[in-house]
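In the part that follows, the structures are each spelled out as C-alpha cells.
Next come two complexes built around chain A: one with chain B, the other with chain C.
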Partner chain A sequence: MQQKHVLVIGGGISGMTTAIEIAEVGHEALLVESKPYIGGKVVQFSQYFPKLCPPQCGLEINFNRIRNNSRVKILTSARVNSMEGSKGNFKVQIMKKAELINSKCTACGKCADVCPVERDNTFNYGLDKNKAAYLPHEMSFPFSYTIDESACLRNECKKCLDVCEYDAINLDAREELIEKTFHSIVYSTGWEPYDAGEIALLNYGNHPDIITNVEFERYAAANGPTAGHIIKPSDQSAPKTIVFIQCAGSRDEKHLSYCSSVCCSASLKHALIASEKLKQVKILIFYIDLRVSGRNEDFLKQVEEDENVELIKGKAGKININNNKLFVEAEDILSGIKTKTESDLVVLATGIQPSLLNSKLPKDDYGFLLNDKLPEGIFASACASKPLDVSASLKDATAISLKAIQN
Partner chain B sequence: MEKKLGIYICSGCEIGKSIDMAALEKVGSVSGEHLCRTHAKLCLAESVQNIQEDIKKEHLEGVIVAACSPRFFTKEFSFNQLTERVNLRELVAWSHEAKDADTNMLAEDSLRMGLAKMKSILSPTPFIPDQSSSEILVIGGGISGITASIEAAKAGYKTILVEKNKLGGWSNHLHKQLPMHPPFDYLEKPLISQKIHDVKTQEKVEIHENSSIKEISGQPGEFRVVIKQEEKETKRKVASVVLATGWNPYDAEKLTEFGYGQNPNIITNLDFEKMAKAGPVLKPSDGEVPKQVLFIQCAGSRDKNHLPYCSNYCCGTSLKQALYIRESSKETSVFIVYKDIRTAGKLEAFYEKVQHDDQVFMTKGEIGQLNLQGDRILVDVHQTLLGDNIQLEVDLIVLAIGMTPQNTEDLNLKYRLGKGLPELKYEFADSHFICFPYESRRTGIYAAGSVRSPMDISSSMEDACGAMLKAIQCAEATKRGEAVHPRSGDLSHPEIYFSRCTDCKRCTEECPFGTYDENEKGTPIPNPSRCRRCGICMGACPERVISFEDFNVNAISEMIKAVEIPDEFEEKPRILAFVCENDAYPAFDMAGQKRLKYSPHVRIIPVRCLGSVNNIWISDALSKGFDGILQIGCKPGDDYQCHFINGSDLTEKRGENIQEVLEKMMLENERIKTVFVEINEYDKIPRIIDDYVEEIELIGPNPFKDM
Partner chain C sequence: MQLITMMPETRNEKRETRSKILLPDIQFIKRVKKESNSDLKACMQCGNCTVVCNLSPEENPFPRKEMIWAAWGQKGMLIADPDIWLCHQCGDCTSNCPRGVKPGNVLASLRSQTIEYYANPSFLVKWLKKWWMLPVTVTIPMIIIHLILIIAGTLTITPDPVNYSAMFPHALLNSSFSILALLMIVGIVFSIRSFWKGMVKGYRLSGFEPESQSSVKERSPIKSGMTEKATSIIKTIWQVKKELLAHKKFKDCETNKFRHLAHAMVFYGFVALIVVTLFAILSAILGNYPMPFLNPVKIVGNLAGLSIVVGLLILIFQRLIKKDAVSSSNFFDWSFLISILLLVITGFFTEYARLVNDHLGYYWYLFHLIIMWYVILYLPYTKFGHMVYRFVAMVFVIQTGRK
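Let's turn to the complex of A and B:
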C-alpha cells in the first residue's frame, strides 16, 4: 500500500469521520477546522433522532480513534488560504489563526476564572454569555481553553497571563502560514441554518419567543443556556403551547427550493423532548409532507401516539404579533380551513444551507458543491454536497474516503 | 521478575494543592527498584522528554503517569514502553476536598492500583494472520456490488464479484433513472449498462456470474470462500467481504385490498417499469393505451399489516413513471394518491416539475373500496385534499410496493453463531449506530445497499463505496494486527489457557461478534482477527482462562487487592466501582472538570466494557472487605448504547449468578449495584455515588473486612 496524504477541510462529524476512516486504512489525514474545536454542529445537538441518544457518545469514540492514531492530525482555528496543483500533488497553504492559548493548555480553567470580559456564547448561538477566555464545551477536542480575539482586552488586561502556570497564553501570538502537499482534498464544510430573518412573514427577530430549530437544540441540551429547560425566552416560563412550523423557508422558491430532509425528523424529536420535559403542553406541528426516512417510521408513530402532539397537514405562512402575543396563521390543507393559533413558543424548522455559498468551485443552483464537476482529486462530502441527516452524512463521508484514497 | 518502572507524579492543575504529594511519593517509592519522580508540570514537552530519556538510561520496562485523565495528553504520554495512566486530576483532585485525609487515601490507593496492575500486564504482541490476503469478496452483482468492485479497483484492490444470476440486478429492468445532475428535474438514462461494461473491463475484478457462496470460514485477513457455479467449486482466500445482495419487492399477492391478482390492469411499479422499458405502456387486459392511471403510494408500506416502514424509493419512482405515461400518451391522465410525498433533498425539483403537469393529479388520501366490475375500476378515496370522499374511475392501477432485504444467510458463514449477519430492525442487516452506519457484528463483513437499508440507486452507489472503504480498512488493519472499530488500533487479543478450559461454551455464546468457533468437543477455537477486544469473553469465563496481555483477570484482581481497607471501626466504607471506559468514564471526567464533589470512599477500576467484568473480581472485592460494588456502564435494551452490543445486558444477566455468590457469603443483595449512565449525564455522577455510599453505610460494614 502506497501511503497517501489527504486534506480534509471542515472538522464537523463528517470531516472527522473522513479523516479517521482514511487514517485507519493506513494513510495520513490532516483535518483543518476553522473553530477552536472539532465536532461541528452535532456537538450543539441535545440528542440524535430516532434513538434520542447523546451525540457525545459517538464523538467520544471518534476522539479516541484520533487519540490512538498518529496518522490523523488536527489543525483547529485554521483555514485553507490557497491551493494549487492537481491530483497527487496539491500544494496547499493553510493559515493557522493566532493562537492566544496554545497546546500547552491543560484546561485547568484558571484563565476563565480571572477573565473580566463577557462575550456572547457562540456555542449557544448567543443565547447566554461566557468569558472571553473559555472552554467551548465540556468535551471540546482538543481539550483546551481558547480566547475570543475580538473580545479580549489583550495587553490592557493580561490577568490570564498572570495565572497561567503552563506558559500556554501568548496574547501577542501571530498567525502562522503552513504549507503542505496532498494527494487529494475533501471538502466537508457542512452547513449553516437558513437565516430565518429572511422570511419576513414569520417575524423572526421581532419577538423573543419565535426561535429556530437549532436554538431549540440548545434549550433542550443539559449543557445549554437553560440547563435543558424548555422555556419561553421572553419570561423564562414554561410554554403551555408550542407550534412547530415545518419548511420555514424550505420547499419555497423565494428561499430554499429544495427539501433539507432532516427538519421533519428534527421537529418530531423536539416535540417528543418538549412533551417529555413539560408534560402539560400542547404541541402543534404544521407540515406539508412528513418526510421521515425509511425505517424511522416507528419514530413518527411514536409522535403520533403522543397525546400532547398534534400533526396538521398545512402550511403555516405567517406569525402575527398582537399585544405581545403570538398567533400562527395556517391553512389546514385537508379541511381547507384557515386557522389562527395562539402559541407561547414558535419553533421555525429552518433548512440546511451549504456553508461554502461563496466559493468559486462548481456548484448547483442551491450552492451545494458538485462532485462530478470538481477538479480530479477534489471531493465534497455530506452537507457540502447535499442536505443530509447525521447518519446519511456519515455514510457519505465514509464513501468519499474511498474516493480520496484512489490512485 | 518484577519490571523496573518509572513512576511520574504530576503536581500541576491543583493536584499538588489537593493531595499530600510526599505521602504519594512514598507509595511510589515502596519498591526501591523503581524510579519515582514528582513533577510540577508533567505534560510539558521537556518533562515528557525527560521521561523518554529515563526510559533509555534507566532501562525502564514500564511507565506510570499519575496525572490527568488518560483521555488527555494521550499522544504526549505514549511511549514505546508499557504505560499506565493513574487519573489523579479529574478523579481525585478535582472531585474531592483538598487536603483531606480521605482524598489522600484515595490518591494513594489509585497509585497502588496502578502499580499492582503493572505487575500483571505486558505490551501486547499483535496477532497477524500468516498469509493475509488483500483481496475482497463482493457478493451481489447489482448496482451496489458492481460499484463496490469498480471503486475498489481504482484504489488498487482486487475484488471477487459473485452474482447469482447475471450482472445488473434490478437495475437491468429500468427504463429511466431519477435525476442525479442539475437541475435535478429531468429523467436520466440508466447507468447500469455502462457500469456492467466498466466492471467487465476492469482487470482487478474477477467475476463469477450464475454463482453462489457455498461457504465462508476463517477470519478477516484469511476468510476461506467456496464459490459454487452449478457443480463447479472455486476456492478463494479473501481479507474481507462486502455483502450487496440487495432486495426483493414486497409480495404483491398479499395486497388483496388493492385488488392485486383480481384484475389484470392492477400491476406493480416493477411490472410497470418493465413494460415501459419494452415499449409503450399498455393495459395488460387488452393492449390498449390506458386513459386514466392511478398510482397507489405506500401499497403495503407504512402499514402495520404489511411493511411498517418506508422504502424511500417509491415516491420518486411513481413520479418518474407518471412522466413515462404523460410522455407516451398526451391524452392519459394520472392520479397519485399518497400518504406523504417523500422526495427528500434535491429530488424536490423533480417533484416540482411533475406538479406542473396539469394532467397529473396528486392528493394525500386513504384508499377505500375498489370496484373491479367491468373494464373500468372504481376506487373510493377518503380524506383527500379534494374532498372527504371521492371516487376515481381509472383503467390502470400501479401499486408502489416497497423493498424487503435479501436474506443474509446467503453468506453461508461457517460460524457457530449462524450463517448470516445478525439482522436488525425489519430484518435489514444495518448497523445499530447512528454515528457508525457500517458497523457490523461480523467483523470484516460489511453490508451495502438495500440489504442494509431501503435505498435508491444513487444512495446505493454511495453506500457501496462506504462499505468497500470499511472492507479495505479491515484488510489493512488485520495485516497490522490491529483491531477495527471501536477499539481501532488495539493490538491486544484474547488468549486461552486451554488446559484449564472446561468447554463450557460461555465465551462462544456470549461473544457478540462470533469470534469463537467450536470443535466437535465444544472446545472454543478463537479467531483473533474477528475479535473487537471488548473482553466480554473474559468476563464470561468461569474458569478465568481467557486473558489479554494488557487487560486480564489477574491484573484487575491485583488492583483490588492493592487497595488498603480501613477496619470497620474507622467508619470509612470502601466501594469498588467498575466503570465502563466508553461513556461512564468520560462522564466521571466531566464531573471532575465541573468540580462536582462526591464521596472519596469509592475506588474506580476502568473496564473495556461492563461485559468484561469477571465475577471473580466481585468475590475478590467482597472477600477483601469492600463494602459495596458498583458497576457503571452504558444503556442496555433495544436502544442500547453499549459499544459492544450486549455487554450491559450481560451484566444484568450475570447479576443472577452474582446474587448466588452473595447468598453463599451471606451478604446483602444491595452490596452489588449496576447503574447505567449516558455520557453527558455527568451531573448525575455525585448522586449515583453518594446515594450508594449512603445505602451501604446504612447496611453497615462488610463482615469479611478483617478476615
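Let's turn to the complex of A and C:
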C-alpha cells in the first residue's frame, strides 16, 4: 500500500479523530493546531452529549491512541501559512510559533510560580486570570507549560529561566517555518461562539451577570474558574433565578440566520446542571422552538419533569438593566402575556459560527466550507462545514478521513 | 424568582382556553402580503416584535398575534382587532424583526383594510385606493363646487382688486361646507358604528373573554383593579382625547424619532387651523374679513400652515428614503400625504395672490376649495380616517379593561 500523508488543520475533537483514523489504517497524518494544546472546544466543556460525561475520559482514550501510533504527528502553536499544488502534491508552509518552553518541560510549575505577569485565561474565555507562563489546563496535550508571547516580558524578567531545572525555557526562541508535502488536506477548523456583544438589546458586556453558554460551561466545569460552582459573577453568590435565552443571535437575519442545532440541547443540559448543583433555584428557558432531536428528546422529558425548570415559548429579545438588576423581556406566546422577569443570572445561548470566516475557499452564505466545491484533495469536516454536536462531528470526521485517503 | 406580570398558574390556565378551529381567507393573505411587501409566511412567531414594541400592552400584546392571524388568513379577527390601532407605526418591530417580515407594514395594511371594510359606502374606499380612479374622485368635488358657483351666478366674475368672497360668497361658502361636514360626519358615524359592533363581536368571540360585561370584571385580573368610575365611557373618551392630544405614545418609539416630531407638527398645525377657521367664520359674519396680515389669528394660521408643510415634507422624505425599512407606501398613503400638502400649499398661494393682487389667485382659490372638498368629503374613506378609528379603538381598549 502506498502511504499517503494527510494534513489535518485544527486539533479539536474532529481533527484528532480524522488524524487518528487515518493513522490507524496505515497512513500518515500531521495535526496542526494553533493553540498550545489539542482537544479544542470539547476540553472546555463541563459535560458533553450524549452521555453527559466530562470530556476528560473521552479525550484520554484519544490521547492514548495518538501516543501509541507513531504515524500521527502533532504540531501545536502552529498555523498553516500558505499552500500550493494540487491533489497528491500539496506543498504547505506551516509557521510554528516561537517555542519558549520546549519538550524538556516536566510541568513542575515552578516557572508559573515565579512569573510576575498575569494574562486573561483564554481557556476560561477570560473569566479569570493566569500567569504568562502557564499550563493551559490540567489535561493539556502535550503536557507542557507554555508562555504567552504577547504577555511575557522576555529578557527584562527572566525569572522563570532561573528556576527551571530542566533547561526547558529559551526566551530567545524564534518562530520556525516548516515546509512539507501532503497528499490531501482536511480542514477541521471548527467554530467560535457568535459574539453576543453584537446583539445590542441583550446588553451582553454591560452587566457581569449576563454570560454566554460557553462561559456557563466553564463555570460548571470542575476545572473552571469557580471549581464548578455556579455563581453570579457580580458578587460570587449563588443565583436564585437563572434565565436561559435561546437563539441569542441565531435564526436572525442580522446575526446568524441559521439554526446551530446544538444550543437547545446545550441549554437543557445547563439547566439540569444548575438545578442539580444549586437545588434552590428557579430556572426559565425562553425559546422560539425547542429543537431537540434524536435521543436528546428523552433528555427534554427529564428537563420538563424537573420542578426547578420552566420552559417558556417566546424569544427573549431584550434584557433591561435597571438599578443594576436584570429584567428579561419576552412574550409568553402560549398564554399571550408579555413577561418581564427579574433574573440573577442570564445565560445567552449563542450559536456556532465557522472559524474560517476570512478564508478564500468556497463557502456557503454563512461561511461554512462547501465540500462539493472545494478543490480536489481538500476536505472540510464537522463544524468547518456545518454546525454539529460532538457525536455527529465524530461521524463526519471519520467519514472525511476515509475520503482523504481514498481520493 | 419574581414574575412581575402574572403567576405561572394563571398563564397555564390561559394557555388551555385558547384553542379553536380556523378557516383561512387566501385572498386576504395575498392582499396583506402585497400591500405590506412582507413575506408573511417567513414569520416564525418568536414574539420579538412584541418585546421591542413600547406601545404593546401586557396582556394579549401585539403584533405577534396579528402576524399569525394574518398568515392564517383570519380577516374576521383582524378587522375586529382594536390593537392594530394602538400601533403608531414607528418601525421598532420591523427594524428588529429577525426574519425581516415587517410587522409594522403588515399592521398598516390591516388598518387600511379595516377602513375599507367598515366604510359606508365601501366602494368609495376602493375608488380612493386606486390611482386610476383619481379622475372620478376628483371630478365629484369639482362638479359640486361648479354647481354652487353657477347657482350663485359668480362663475365668471373676477373683480379687481382680488376679492375671493365676490367669487364665492361667504354665506354660500359656509353653508356648503357645513353640509359637507355634516355628510362627512354621517359617513363617520355609520363607519364607526359598524367598527364598534365588529370589535364587540370580536371581543366576545376571542375565546377567553366571557359573554357578558359583568363577568369580565370577575375574571380579568386587570379589570378587577379598575374602579367603576374609570369605566365610564365619558371618562374614557376624555382620557383618550388627552392622550392623543399630548402625542404621548409616539414618544415611546425608538427607531423613528423624527416621525413623532413630524406627526406632531402636522397634527398641531391642523388643530390650530381648525381654531383659526372658527375665528375666521366669526369675523366673516361680523363683516371684518379678510383679516389683516398681522392679526394674531392670521399669524397663528400662517404658522400652523407652515408647520403642516414642514411636517409633511419630513414624512414624505422619510417614506422616500426609508422605503422598505420602516414602511411600504402605496397610493393609500401617498394620496393622503399629498392631498394635505396640496391643500396647505394652494392655501398659501391663494393668500399670496390676494396680497399682491394677482388674478391667478382665483384659480388657486378654486383649486384650494376642490382639494378641501376632496379631503373633507372623503375623510372617513381615506387614511385620514385613521384619526377617528384610532380614537374609537383606544376608547374600546380602555373600556374592555386592556390598559
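Methods note: the second predicted complex is superposed on the first by the 405 of 407 C-alpha atoms of A that agree within 3 Å, B and C clash if a C-alpha of one lies under 4 Å from a C-alpha of the other, contacts with A are read in each partner's own complex, and residues count from 1 in each chain.
By definition in this document, a residue touches a chain if its C-beta (ideal position, glycine included) is under 8 Å from a C-beta of that chain, and two chains touch if they have at least 3 such contacts.
Everything numeric in this text was worked out from a predicted model, so none of it was measured.
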Q) With the two structures laid over each other on chain A, which partner does A:128 touch: chain B (first), chain C (second), both, or neither? A) neither
Q: Determine, under the contact definition given at the top, whether A:251 touches first (chain B), second (chain C), both, or neither.
A: both
Q: Please work out whether A:331 is in contact with chain B alone, chain C alone, both, or neither, and reply first, second, both or neither.
A: second
Q.
So in the superposed three-chain picture, is A:149 touching just chain B, just chain C, both, or none of them (first/second/both/neither)?
A. neither
Q.
According to the stated criteria, A:282 is in contact with first (chain B), second (chain C), both, or neither; which is it?
A. second
Q) In the superposed arrangement, which partner chain does A:240 touch: chain B (first), chain C (second), both, or neither? A) second
**Q.** First (chain B), second (chain C), both or neither touched by A:340
**A.** second
Q: Going by the touch definition up top, name the partner, chain B or chain C, that contacts more of chain A.
A: B
Q: Considering only touches as defined above, state whether A:198 meets chain B (first), chain C (second), both or neither.
A: neither
Q) Which holds for A:315: it touches chain B only (first), chain C only (second), both, or neither? A) second
Q.
Shared contact residues on chain A, chain B side and chain C side combined as an intersection?
A. 251, 289, 333-334
Q) Which part of chain A faces chain C closely enough to touch in the complex? A) 201, 240-241, 247, 251-255, 282, 284, 288-289, 310, 314-318, 327, 329-343
Q. If you look only at chain B, which of its residues touch chain A in the complex?
A. 12-14, 40-41, 43-44, 68, 71-75, 151-152, 154-156, 181-184, 302, 308-312, 340-349, 352, 364, 383, 385, 425-426, 428, 430, 433-438, 453-455, 459, 462-466, 468-470, 472-473, 476-477, 480, 484-486, 488-490, 582-583, 586, 590, 593-594, 634-635, 639, 641, 643, 678-683
Q.
Quick check: in the complex, which residue numbers of chain C touch chain A?
A. 1-6, 8, 10-12, 14-15, 18, 44-48, 50-52, 56-61, 64-65, 96-100
Q) Can you list the residues on chain A that touch chain B in the complex? A) 1-2, 13, 20-21, 24-26, 48, 51-65, 67-70, 104, 106-109, 138-139, 143, 165-166, 222-223, 251, 257-261, 289-295, 297-298, 313, 333-334, 364-366, 368, 370, 372, 386-388, 390-392, 394-396, 398-403, 405-407
